[in-house]
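Each chain carries a letter (A, B, C, D and E) given by its place in the written order, and its residues are counted from 1.
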Amino acid sequence: MIAGKVVGSLVSTRKSEKLIGNKFMIVEPLRHMQADTRQIIAIDNIGAGIGEYVIVAQGSAARIGCDMEEAPVDAAIVGIIDDGGILEKDDAGME
Amino acid sequence: MIAGKVVGSLVSTRKSEKLIGNKFMIVEPLRHMQADTRQIIAIDNIGAGIGEYVIVAQGSAARIGCDMEEAPVDAAIVGIIDDGGILEKDDAGME
Amino acid sequence: MIAGKVVGSLVSTRKSEKLIGNKFMIVEPLRHMQADTRQIIAIDNIGAGIGEYVIVAQGSAARIGCDMEEAPVDAAIVGIIDDGGILEKDDAGME
Amino acid sequence: MIAGKVVGSLVSTRKSEKLIGNKFMIVEPLRHMQADTRQIIAIDNIGAGIGEYVIVAQGSAARIGCDMEEAPVDAAIVGIIDDGGILEKDDAGME
Amino acid sequence: MIAGKVVGSLVSTRKSEKLIGNKFMIVEPLRHMQADTRQIIAIDNIGAGIGEYVIVAQGSAARIGCDMEEAPVDAAIVGIIDDGGILEKDDAGME
């Protein structure tokens, strides 16, 4: 998984029927996290708000682990990090 | 998922039988989105036109979530972004 | 999927039994396509020749979409691009 | 798989129900290992401590291979490397 | 798949039960192959020796194609390349 910050959301009116009712959040991975710090669009089932630090699961884990087995989803917010702000300051990891 | 712009399409006459009837769209991820801004070839089930901003799902999500479980497809356009042009201007995400 | 050019092939005498009878083609992704322009080794079920421009599917799509569900294959040529040479000249996509 | 060093852990109180009881470890891949040396968040089923060198499996292997088939997990620590410190010194691999 | 050279092996005494009996080989992808030339840890079912040039399958192909469906494995050596040394000299592919 990667850790990132929710920086926005997307609206898509014309979309796959299986995506109706889902929120598309824009997550920016932390600089020292995998994935080139490029942003990811992730489904949110946890209720993360903009500015919160989250854990994002990618690949089939997003579909299967979030009970959306049949949906075209490859990334999902699966947890909100406690004290996530610390992560951004500390570039080498934290305990 | 990633957000990108449809910049063209591809024609393939000799192809896997399971791909017959599908359109191959060339999608250029937005600069601040994951995937090195390199272009992706994605199947389109939504009816996206060239110049539109779209959401692309990758991996098994493209096959399974688009009811093409048996097709050799690893990327699919799953939504068209409302006001996608704003995304290109705003490099840090948007609400 | 990505678009690339077949630049060669590989011979492997000692290999997984499930790969017997398959051809290993070396595909070089086009410069503006995803995957860092590094070469990929892909199974060919379409009959692509060296120098041809092809569409390559990666991940589980290669196995499942090419009826090789039980084979250790993560990339397959799934289509030959008509007029592929144009792709190499045009860096921004084409219609 | 990749080899890396456990550099910390994350706490997430609000998370997917399927993740309850799991530890999120922050793993930093070794410099000469795949994945851009960016950190990964991996579930730990082996009991790795901070500072230990570990093997991390990614993708569906993490879920299925760790008996968490239904959990939104895309990376898991699957082994602790004996004499892992040697790996960090030797940049070209070791026997 | 990617082509690489076996440069070493890893020992892991504390590991997932499902990995017992497997060898962890360190494979360095060829410079012009996908994956940033960073090293990968791959299971070996073919009997590759250090210094040999091999084909590595990644993702679910490694598990399913190597009859290790339940193991936390995301990369496997699936073939040994005949005359692999030529690959290292020739940067543009070969026939």
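Observations on the model:
We take it that a residue touches a chain if its C-beta (ideal position, glycine included) is under 8 Å from a C-beta of that chain, and two chains touch if they have at least 3 such contacts.
Everything numeric in this text was worked out from a predicted model, so none of it was measured.
Any chain bridging subunit B and subunit D, meaning touching each of them, is among A; the list is complete.
Rounded to whole angstrom units, the spacing between the C-alpha centres of subunit A and subunit D is 19.
Centre-to-centre, using mean CA coordinates, subunit A is 31 Å away from subunit C.
Contact with two or more other chains is made by residues 35-36, 59-60, 62 of subunit D. The sequence of chains round the contact ring, opened at subunit D and continued through subunit E, runs D, E, C, B, A. Across the interface of their complex, subunit A is touched by residues 7-16, 18-19, 24, 26, 28, 35-36, 38-42, 50, 59-60, 62-63, 69-75 of subunit D.
On the subunit D side of its complex with subunit E, the touching residues are 1-3, 32-36, 45-47, 55, 57-62, 64-66, 76, 78-83, 87, 92-95.
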